[in-house]
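Presented sequentially are two complexes of chain A, the first with chain B as partner and the second with chain C.
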Partner chain A sequence: MSDPNPQSGSPDKEPASEAQAAQTALGNTEQAEPATPGRSAPESEPKPSLGRLFLDNLWAANTFTVTLLSLVLAIVVGAVLMIISDPDVLSTYSYITSRPSDALNSSWTLVSEAYANLFKGSIFDPEAFSGWLNGDNGWQAVLAPISETLTYAAPLVFTGLAVALAFRGGLFNIGAQGQATIGVILAALAGFLLPLPPGLHLLVAVLAGALGGAIWGFIPGILKARAGAHEVINTIMLNYVATYFLTWLIVQNGVQDPTRTDAISKAVDTSAQLPRLLGDNLRVHAGILLAVLATWGVAWLLNRSTLGFELRAVGANPDAARTAGISVTRTYTLIMVFSGILAGLGGSNMVLGSTASALTPLVVAQIGFDGILVALLGRVKPWGVLLAALLFGALQAGGNRMQSYSGISLELVTVLQALIVIFIAAPALVKAIFQLRAARAARLQTSLAKGW
Partner chain B sequence: MSTMAVPDVAVAPVDAGFWTRNRKVGLVLLALGLLAAVLFGALATDQQARFTLSDDAAGAALEINGTIGAILFGIIAIAAGAALLAGVPKRWFLTVLGVGLVGFVLSFLCWQVSAAPTGQNFMPLVNIIRGTFILALPLIFGALAGVLCERSGVVNVAIEGQLLMGAFSGALFGSLSGSVWVGLVAAAIGGAFISLLLAVFAIRYLVDQVVIGIVLNLLAVGVTGFLYERLMQTDATKYNSAPRFGNWNIPLLEDIPVLGPALFRGNIFLYLGLLLVLVIHIGLFRTRWGLRTRSVGEHPTAADTLGVKVLRVRYRNVLLAGVVAGIGGASYTLALYSFTKNMIGGKGFIALAALIFGRWNPTGALLAALFFGFADQLATYLGAINSVIPSQFLAMLPYLATILAVAGLVGRVRAPAADGKPYIKG
Partner chain C sequence: MEPGEIHALLGENGAGKSTLMNVLYGLYQPDEGEILVDGKPLKLKGPSDAIAAGIGMVHQHFMLVPVFTVTENIMLGAEQVRGGIAGFLDRRRARRQVAEVSERYNLRVDPDAVIEDLPVGIQQRVEIVKALTRDVDLLILDEPTAVLTPQETEELLTVMRSLKAAGKSIVFITHKLGEVKAIADRITVIRRGRTVGTALPEASRDELAALMVGRSVRLTVEKGTATPGEPMLEVAGLVVDDDRQVRAVDGVDLTVRAGEVLGVAGVQGNGQTELIEAIMGLRPVLAGTVSLGGDRIDGWKTKKVLRAGVGYVPEDRSVDGLVKEFSVAENLVLDIYDRPPFGAGLALRPDAIATSAKERIEQFDVRTSSADAPVGTLSGGNQQKVIVARELSRPLKLFIAAQPTRGVDVGSIEFIHSRIIRERDIGTAVMVVSSELDEVIGLADRIAVMYRGRIIGIVGPDTPREEIGLLMAGISPDAVSERGADAAPTDGTATDGGPASDAGSANEDEA
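Our next item is the complex of A and B:
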């Protein structure tokens, strides 16, 4: 491709030169980025082969490549963190000039073992597989990593969808955490206070979670629509109100587990728990199926429904949407309610699934904040969010194994997640680091800055 | 807020005849006063409520009968509410509102103190004031960091991360060097590091500033938590035993009754925080730097036309904000506690609330931070006297107050016009 005069070009000189003239006439739009000398050559060909096109696009700043390279960058930074925080390995760097192999070997051992454990804990463990072949352990052990990944991913799908849906409507819902908290409260209360038959009980508990999220999403929604109060500020504040409400509620009579003195509520009845999919030994539960269903639902809502159209119109340009007769007030409120419903469902997943069966102050973990990262990583598209949640679930599941086997703190997973999203949010940075060429149809800006 | 207001709704009418905003506030205050006089008055006991001017029960005290106090201060709140309802000149609005709110709080305190278990019917004012300031300190630093950033047009949601990184590097390098001053400088650099990331991504790469702020918070939590578990927990004496600043008594001022022992026997961070409020306030409204900062935050294009280097001003202010917040983080690790995972625990977000509640103004932010600190301290105090008011509800107070403020119920707040909007020259 560095050859400026391709042999396979048209035998007739005239059309080729015309094409080149047109190319120059097109002006700077095509060649804005530093064009390598050979850049124009393949384009003068009548039709480059499919393989060539593929290769050209592969190293361009498209969504896929940037995501992949962001992952790589995050993993590299994570490795550096591991090395500088290990005094033993770090000491080998004091004599790196005399014996570089020591430093390199010890670093490699540390990092590769940690990341291998991350992989084994989240996707596939070869030892468990050979153990199954030899009859040492059952098939469950082989599926255990995947089961863990799916368990962690399920609530993140919901909160990720919640944030993504609001984003599409031009709202930044930082309150998924609070909405999930209120959701988890109502789901748990329905789970241990209502004496209902199995099946119905589960349904009621799940819907109670959704209702809780809806209430907590409605407040910033209506404040935004009626008073113009910024949703970012209000959702941040409501997160904390929800957290304090949870810590207060847990220790009240009728809620607290009477046999315990610490802050833990009664356990959710088994009739209100999401059924496990692969037997009692594996934690994966029906929540992940609900999550896929929700993804489909949100995709339908966004792309096929009237509300979705209005929502996207408002998100793209509220003024134009209003001119076209869409009620921005109503849309903003609805967006936040739907977003809250999704986050609330994520919350019910935490207490009705296998992660926990009772309320504790930390029952919601970080799913709301992680949901923001998931939504950004998934490019605020429903199926993208699903994939991103799977990746984050895998990191979480693998992180657990990394912590117990390699002694690498689980916090590294938080670092990796944050780094991935930082790089994704700044595609120009990734593009500069790897010298990527501009993509043909790049829409890489995850979100448009618009301030308070 | 101004940019996102939805114009197709009935925007709060500027002048709706009799029911102006001030009158509505007056009505709310009147209702609060009634609540105080009736409910608090009924619940208060006949015990003397003592507000001692010292650290404990001893010494001189302001005393009032619980029931009488609760009703009396409730009536003051009612009177203030009625005055607002009747209509007072605009310049008196804040004063009257303040008197009414203080009356409400005092009525509440009379009830609480008189209803405390026997022998605990006192409130040590020195203790309360000192605690308020200590709890408000990270909020003051954090809110000032917010002021510096946002006045120049960069939204700073990463205050939490800046405080945390400051606390961490202060503890780490303070321990390694054994010097508080090295720790202090390291803390400032740590905060500035998060700020640098914020600046580069927000200004250079035009990433949404709220998004990058949130992500940076998570990054700070992750990095400090990771290094804490890997380094500090394995060898706490080497990595996590930073020396601490002692208390410096200020001669003369420390002899002022109540305020002296509460405020002028504190550590360097207290003095530094109050000084910074003054310096930043004067700097922002009285100097060339402040004018440029504000112009860049309100109308960068105009500022650029006049030759102000918009991006340079923003970079500088964001970095300064990191330094201030980093020092705020050190007010934990170099004065009070050793570092623990996620030790800021949401204070950065309350600081953000204080910034908004204080209307992007250093002095306003100080007052808001003190109010939030007081709510925090009150929660501790009420917990100690076994109050019926759950401490969690008091802890919600700052957040609820901020929501009310942002919704325009306690006066409209307005962010700098260009806050959060990246500036692209051309």
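Our next item is the complex of A and C:
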């Protein structure tokens, strides 16, 4: 993660995201920037927006070491939570002064087993390996943890990229969830309504997912560009619209599975499903390959294309971009469309892949919101996002095993994910707020007073 | 500092003048060293300590509440109350105090005037009164003349003299040599955070400039006579609003010919910015026409205007001119990144960008560690050279430079000026907008003066400064020639005798 952008000569030289959006999202009520791409009052220095400072700090602070330390810290806090939430272990603490070994032993057993299961479920299970050597089980069991990790990671790569791309362009796309939802709907409809030959069917279904996301990204994009409507508000609203539309759609005639009474749609035809990579017993599917391809594509787009140049310029300084003849409104719209396409692809992974093959109200899970965390953890750089998504995928996969073997609730994984991001993002955010205050105070005291 | 002394602090932008004064005023903490007041070391934790120690400061940009009256602004932060706990504001006493102070130092400030109605020069005097009511002995004026017309500057110097006569000490921060020579008792020159010399006002301008820059510089722009050709830019009846939907440009007619420099002079905020932005397609044209070499270009997108052969140096480089996080190389192609050889279809050509960056860094003498360094790490002068290099590296019909040398060191000013003249000599129409009268006079072949959104007069470059100064203050040429008592501004919206007294005293000065 030290150099997530191998394509660019030096990735840190071109941070790009002005993201006044972030300040709203991050709960800052102070208005530092007009929402419309209009010209702000001339000053000797452009206003440092909270989002901009946050991103700078995120880039400055979030080295590989910091990420690793955050991971360790999150694991420690997670261990404390496990102990507190286990009544048996907790009871040993009532007599810790007389027999501390009880408390320590039971805690250690609980925590170490839980984390061992997390590891075995996501990366490598020694028992399966020795079982394979002895001939007790096939090679698939050895690869099963990795397969699970990749399966969970694939959609997160897409939504993470969606959020990261928008962030680089100065927009905070909270709507990856909604875009993924519309993506999943169109992908599924194309998957079970269109009678097409294999291959073509899959292609059409995947593209339908992308189209769905594109539409759902275009709406807030055009509203932002033309009317200055804030994309954070609009994408949040559209998330709700998408979710309830899905809930409504599932139970309509022609969509709902005729053999079922609960809310579930027909299943996607096998001709439209992403092929499994390692046989039918392992769930890993071609989605992860598409995800790597998408990562490469976004990295190219950002660093090597004219569109990426515009996007980064608009993200870093919309005024200068406009003065240089770049159409800020067009760029905002395009950013949201591309962001939507990526989120939509993430959504299609959820129904064309192996996690589900039919629409249910919860078919997209939380991939849109997790995408925000993944993007931040990946320093909003494409290859960083890929790695962050793999980490989150691993936590998810391992969490399943941890739940079934150690009885630790799957929610703990969510807590761990949140903690990691908090440990990384919070210092950057706190610093950014302090710098913003300092900058503002200094400006107020030394120069800025628009008294006339 | 002696009592009753005017001490000028002279230095280039970024030399450390303002930082030093902010330390004095308690805004910044010194890392090392100490401040002595009356022989005693002083620890300043904030501006209030400084005020208590008798140090007052007038900032470059005023700290006034525009909708409050003069009295209210002066009370602010030092409200006097009566009635004990009830805490009624003692307006009357404050008002009396203001009147008294302004009387004593001959500042002529009306205590009941509302700030936003006052011209800039008077607002500055309000700031001075504010400092004086707090009983300061040492007054710091940070670049007080930057926003003033020549007449207002002259007024300010008079005020400073009367303060000096009353025994107050003044630190006068500036980078304008003429003012320093006119008023200072002693001059300290600062360069790169160090005192490089102390001089007496008798020192010549060239000596002072050499101290400031560390070498001798030309203060005038060398140029041959212009050979104006066909009209290139024609603006007729242009009307433009500013961001607040207030009329900023109100019926401007202008012509710039190929091979000449048209200078646009005027105090900032009189519509120059909006005029240029409208020409560039950055701001909607509400009425009138703009044509370039005969083609109507109003309503065109900025990109199209740039492509048609217009080069543009925006007035605020860090906001509009550069993307600070981008590298020097990227900023050098900020408006041509998608044209060959830099872009082919959707792909960028990093090699071509790097090669051309190298050439232009060489050609335009941009001092940077590398072409990949973020442009924000460069000094102001070099940042400006990056913009100039970008704009002058393609064939132009029209070159518009707004405040091309603001916040730029003297060496770079010289370079940029010579580049502008060279562009004129190859037959480009050039329009230079600047609030530095010297710059306009030095560069221009014709000078248009803007006041309140109109071109109030077009004069030759050999017109006396005072006359241009009066135009900048809104006194039309007829009034100037009359030199009568009715030399009031034509629109008469300003109140409290501000502009009128300005004009009156200006005329006295002139006489």
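Quick notes on this one:
Here, the second predicted complex is superposed on the first by the 364 of 452 C-alpha atoms of A that agree within 3 Å, B and C clash if a C-alpha of one lies under 4 Å from a C-alpha of the other, contacts with A are read in each partner's own complex, and residues count from 1 in each chain.
By definition in this document, a residue touches a chain if its C-beta (ideal position, glycine included) is under 8 Å from a C-beta of that chain, and two chains touch if they have at least 3 such contacts.
Keep in mind that what you see is a predicted model, and the values were worked out from it rather than measured.
When the two complexes are overlaid on their common chain A, residue A:372 makes contact with chain B while staying clear of chain C. In the superposition on chain A, A:322 makes contact with both chain B and chain C. Of the two partner chains, chain B is the only one touched by A:415; chain C is not. Looking at the shared chain after the overlay, A:203 reaches neither chain B nor chain C.
In the superposed pair of complexes, A:238 makes contact with chain B only, with no contact to chain C.
Once the two complexes are laid over each other on the shared chain, residue contacts for A:228 go to chain B alone; chain C is not touched. When the two complexes are superposed, the chain touching more residues of chain A, out of chain B and chain C, is B.
In the superposition on chain A, A:306 makes contact with chain C only, while chain B stays out of contact range. In the superposition on chain A, A:426 makes contact with chain B only, not with chain C. Common to the chain B-facing and chain C-facing surfaces of chain A are residues 322, 327, 445-452. Across the interface of their complex, chain C is touched by residues 9-10, 13-16, 38-46, 304-310, 312-313, 316-317, 319-327, 442, 445-452 of chain A.
Listing the residues of chain A that touch chain B in their complex gives 81, 85-87, 172, 174, 223-230, 232-234, 236-238, 240-241, 244-245, 247-248, 318, 322, 327-329, 332, 369, 372-373, 376, 408-409, 411-419, 421-422, 425-426, 428-429, 445-452. Residues of chain C that touch chain A in their complex: 18, 22, 27, 47, 59-66, 115-116, 120, 123, 243, 273, 277, 280, 282-283, 301-307, 312, 314-316, 318-327, 330, 334-335, 337-338, 343, 345-348, 350, 372-374, 407.
Within the complex formed with chain A, the residues of chain B that make contact are 1-9, 11-12, 155, 157, 197, 201-202, 205-212, 214-216, 218-219, 221-223, 225-231, 234, 341, 346, 349-350, 352-353, 356, 390, 392-393, 395-396, 399-400, 402-403, 406-408, 415, 418-422.
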